[in-house]
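The two complexes that follow have chain A in common; it is paired with chain B in the first and with chain C in the second.
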Partner chain A sequence: MVKFSCEKIDLVFAEIAKTAALYIPSNDKNNKAVFTKWQKGTKLCDSHNTQIGPKDLFFPQTEDLMAFKASNKKIEIIDTRKESEDFVIFGVRACDVKSLEILDRVFLSEPRDSYYAMRREHGIIISLACTRPSEACFCTTFGIAPSEPGADISVWKINNEFFWQANTKRGEELLLKIEHFTTPAEPSEVEGEKQRISVLMKRLPLANLSTNGFGKGKTNELFEREEWAKLSEACLGCGTCTFVCPTCQCYDIKDFNTGNGVIRYRCWDSCMYSDFTKMAHGNNRNTRKERFRQRFMHKLVYFPENNNGLFGCVGCGRCISKCPVSMNIVKVMKKLGGNV
Partner chain B sequence: MQKISRDKLIKKASNLLNSGIVRCVLGWKRGEFDYDITPNVFTTEKELIDDFVWNDFCGANLSKYLVSKTQGVDGKILVFLKPCDTYSFNQLLTEHRFDRERAYVIAVPCEGMADINKIKQITNEGISSIEFNEDTLSISTLYNEEPIKIAYDRVLSERCLNCKSKKHVVYDELLGDDGEILESNRFDEVEKIEKMSSEERFEFWQGELSRCIRCNACRDVCPACTCEKCVFDNPESGVENKASANSFEEKLFHIIRAYHVAGRCTDCGECSRVCPQNIPLHLLNRKFIKDINEFYGEFQAGEKIGMRSPLIDYTTDDIEPNEAVNRRDS
Partner chain C sequence: MNIYEEALIPKIGVVTDIRIDTPDIKTFRVVTPDGKKAFEHQPGQCAMLSIPGVGEAMFSITSSPTNKDFMEFSIKKCGCVTEWLHSLELGQEITIRGPYGKPFPVDTDFSGKSLLFIAGGVGLAPLRSVINYCRHYRDRYGKIDIVYGSRSKEDLLDYKEIVEEWANDNGVNVYLTIDNPQKEWDGHVGFVPNYVKELNFDRDKIAVLCGPPIMIKFTLDALQALGFDKKQIYTTLELRMKCGIGKCGRCNVGAKYVCKDGPVFRCDELSELPDEY
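After this line comes the complex of A and B, so read on.
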């Protein structure tokens, strides 16, 4: 473990940015935190978490997969992939670190998604322990500890100092690069802060939310529950909750006609949309209720069913603060799981 | 703070429910915190007493829900409408989206709604409770010993700061006193944008619209967007797209949407309220409203049921189509 004083952070960022693209949470002109590509003058903000997680850097909202060009009755297939460059993301919260594990289960299991895999291989993640969780945070429900954020390097900000702990070989290599800005530190120096965060988490309004009643084997019990009708009543069927969610992973593949060829691209899709997974025979979920149920059943039942009990939600609270009608996974869990 | 009390609304609704005049009540339901309110259909007095809310966060415009909630069931639905919501209600009726007889409108006077984003800019995250006082909100957080007192005006939402009317244009019953149509400054921002050079203006909109994540919340919440199948959801339409492949498509969606609601948008402000990316969509709509006012005389969509918008009505006095270009170039 190493430490350095907060004033040096811009120097450290500059050093990292010499060899890799660096993304840090910075305020946009509306004062909202977004992962921003660092350049001289980009300021780290002290916001609690970014508007949208780091998902986009690994699984972009739209990306070209390949292109086709037709000439003289021949079709040429063009590989549009760009060599992925190395990049570093700083300031990823524990929930978002965990969200990548969930995405990995989807994209890195066979058949492996080479687009995602390439970015995962090239990306180094530096996490950041939470100092000031929001009222909407409930990561602890899923066993996530914001005091131990993990990833390649764990970072704690305590008073006027940063503490960086490498957890992987890549993390260690990166610490070597910034060696001349840091001094050695003892793990015991962050113990107090870890304690403080753990105590804080217990005081959050959603601290007692439990996953009881959800998970593997609950499909039959939950699928036909009559509460779904009421829960989905106000839902607009927009894609906000899916698009701000760091773990939502569905996409659509489309062709864009360029005039003399086609660009095949993929883009995020939402199970809340009426044309989601539309097939020749039509849709398999025709009502708002069925689509609404799908999103929550996927996170709380189907995903754990297929992934050894791992839930598909990390409790980041984004859907809570962004849903236009304030309907969200917590309200669903309280209603169906019967917990307070 | 709202002047009419929650109790008064509950009492009114309970009486109408219990006497069988209405079948159910479309209102606002409390959430996990003091500000996350969900539109809800209440069917019993007990549900109302347990969960109904009327406070500074009841921004959601309930009128559009009448389109779906009046379908397939009989009886009247009681709906609570704020002044701006009544314009949407009329506009929906003008477009024959539901049957007037199926709604029992209770007009609720409104002091303006608070914007939780503005509050969080001041208090930061970690709000544990909100107390509503006459001219202030008292916000307790997990991180401050003392509640933070904020003057109500500082956190009023943009649309309420520029409220066009405190008058309800339709109702079956009015609670309290009705207000007036107001002289608002709602076109000031539009004027600023009009004064920009075309490059500046392009840059301004590029900056705003490039943040769009195509979640469609602005469309889905909009009371003027009630097509049963939107072109953007229809794979056969040729413009369907779930994400913006490039900056042209980004703007295309918003331009098509703005044109489609032109002359029908009542400026209820819901699009900007719900946008997760804080894009000032109301400015696009207000540009159209301002132009319509200037070209065809003052027109407020939803003011009366059955009014024809100047854009679908022809008179021999109509200005020439190139007038907009002439004005821009002069």
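After this line comes the complex of A and C, so read on.
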């Protein structure tokens, strides 16, 4: 473990940015934190979590998959994939670190998604222990410790110092690059902060939310519950929850005719949309209730069923603060799980 | 750059034959530009076909894996991609990727058993692959019964092959039916589920169903009324798909993805899933 004083953070960022694109949470013009490509003058915002997680740095909202040229009856397929550049993301919270593990289960399972895999191999993740969790946070429900954020390097900000702990070989190599800014530190120096964060988490409004009643094998018990009708009534089907969700990964594949060929691209999609499952012979989820139920059943039952009990939610709270009608996974869990 | 194989990037296929089967179904023969089969498959598996600029869609491979020369797809005109396919000319290139999905257990559960195939309309397309596979390895299976129904005589898919080849095989019985009487039809008239009941099959066999959801539902009831257990009945599902490899989320039902855990399901497995397919 190493440490350095907070004034040096821009120097450290500059050093990292010499060899890799660096993304840090920074306030945009609306004062909302977003992962921003660092350049001289980009100010770190470490007080609250970003509007959306780092999902799009690995799984962009839209990306080209391939291109085609067609002439007469012939088609040429053009592999447009490019080697990803090396990049570093700083300031990823424990919930978002966990979200990447969930995305990995989808995209890195065979057959691997090469677009995602390439970015995962080239991206180094520097996490950041939460200093001020929001009222909507409930990561501890899913066994996530915001005081132990993990990834390649774990970072704690304590008073006027940053403490960096490498967890992987890539993390160690990165620490070597910035060693002239750092001095050695002892893990014991962050113990107090870890304790402070743990206490803070226990005081949050959703601290007692439990996953009891959810998980693998609960499909039959939960699917026909009558509460779904009431819960889904308010839903507008806008899909905001899926777009801000760090673990939602449903996608669409579409073709775009450029006039000079065709680009096949992929873009985020949402199971909340009425045409998501619509096909020529009908739609197997015709009602809002069915679509609403699918999203939560997937995160709380189906995903754990396929992934040794790992839930498809990390409790980041973004869907809670962003839903225009204040419907969210916590309300679903409280209603169907019967906990407070 | 080709560090990894990428499942989403297709191969080129050439349409070398187009057979007009019914007023809205055509069967397309596809090979690679150098005249080979695009890939090997198992009975019941599917492939993604596309026309760049129009879109990509999943189709069952109707030809048997024992055909080593080419693949065939029987496709009903019902949407953007299928309309385009129906308008294409011989020699047109398309893209193809696959094979996708879990096949019928032809070499395990089906082995040594008598088989009852029941299809409705274009639902014969996925079953033709397994029927022809079982006909090819005839000695591996017991008696084969085929019940096939359609709206009219003109809507019967593979009619020539059924009448001239299947019906003449030893130990193969074909029962055709159409929904409404027609002048030039002296065969059975009526819906498939009722016909299955009338035929009163012994339940010492495995049944394989494919057709419109409503036909599957009532035929399942008919088979159970004849004493069949859900464990003896297989079907193949169709849901909207984009990736074909269990990632895009579209064909998710319960903890299953129809593209990779299906499309073939045994009916007792299907009853475990939420009723959303």
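Couple of notes before you dig in:
We adopt the following convention: the second predicted complex is superposed on the first by the 336 of 340 C-alpha atoms of A that agree within 3 Å, B and C clash if a C-alpha of one lies under 4 Å from a C-alpha of the other, contacts with A are read in each partner's own complex, and residues count from 1 in each chain.
Throughout what follows, a residue touches a chain if its C-beta (ideal position, glycine included) is under 8 Å from a C-beta of that chain, and two chains touch if they have at least 3 such contacts.
Nothing here was measured: the structure is a model prediction, and the numbers come from that model.
Annotation: superposed three-chain arrangement on chain A; chain B versus chain C shows no clash, the two fitting side by side.
By the touch criterion defined above, A:K18 reaches neither chain B nor chain C.
Of the two partner chains placed by the overlay, only chain B lies in contact with A:C238; chain C stays clear of it. By the document's definition of touching, both partners, chain B and chain C, reach A:D252. In the superposition on chain A, A:C267 contacts chain B only, with no contact to chain C. When the two complexes are overlaid on their common chain A, residue A:K278 makes contact with chain B and with chain C alike.
With both structures placed on the common chain, the touch criterion links A:N31 to chain B but leaves chain C unconnected. By the touch criterion defined above, A:L204 reaches chain B but does not reach chain C. In the superposed pair of complexes, A:Q294 makes contact with chain C only, with no contact to chain B. In the superposed three-chain arrangement, the CA centre of chain A forms the vertex of an angle with the CA centres of chain B and chain C, and that angle is 90 degrees when rounded to a multiple of 10. Taking all C-alpha atoms of chain B against all those of chain C in the superposed arrangement, the shortest distance found is 8 Å. Touched by chain B in one complex and by chain C in the other are residues 252, 254, 269, 278 of chain A.
Those residues of chain C lying in contact with chain A across their complex are 1-12, 50, 52-56, 78-79, 82, 89, 91-95, 212-213, 238-240, 242-243, 245-255, 272-274, 276-277. Those residues of chain B that touch chain A in the shared complex are 31-33, 36-41, 60, 65, 121, 124-128, 142-143, 207, 211, 213-217, 219-221, 229, 233-235, 240-245, 273-274, 276-278. Touching chain B in their complex are the following residues of chain A: 28-32, 48, 51-52, 61-62, 132-136, 200, 203-206, 233-234, 236-240, 242-244, 252, 254, 256, 265, 267-270, 273-275, 278, 320, 322, 324-327, 330-331. On the chain A side of its complex with chain C, the touching residues are 65-66, 68, 70, 73-75, 77, 79, 81-83, 106-107, 109, 111-115, 117-118, 216, 219-220, 223, 249-255, 257, 262, 264, 266, 269, 271, 276-282, 284-285, 290, 294, 297-298, 301-302, 305-306.
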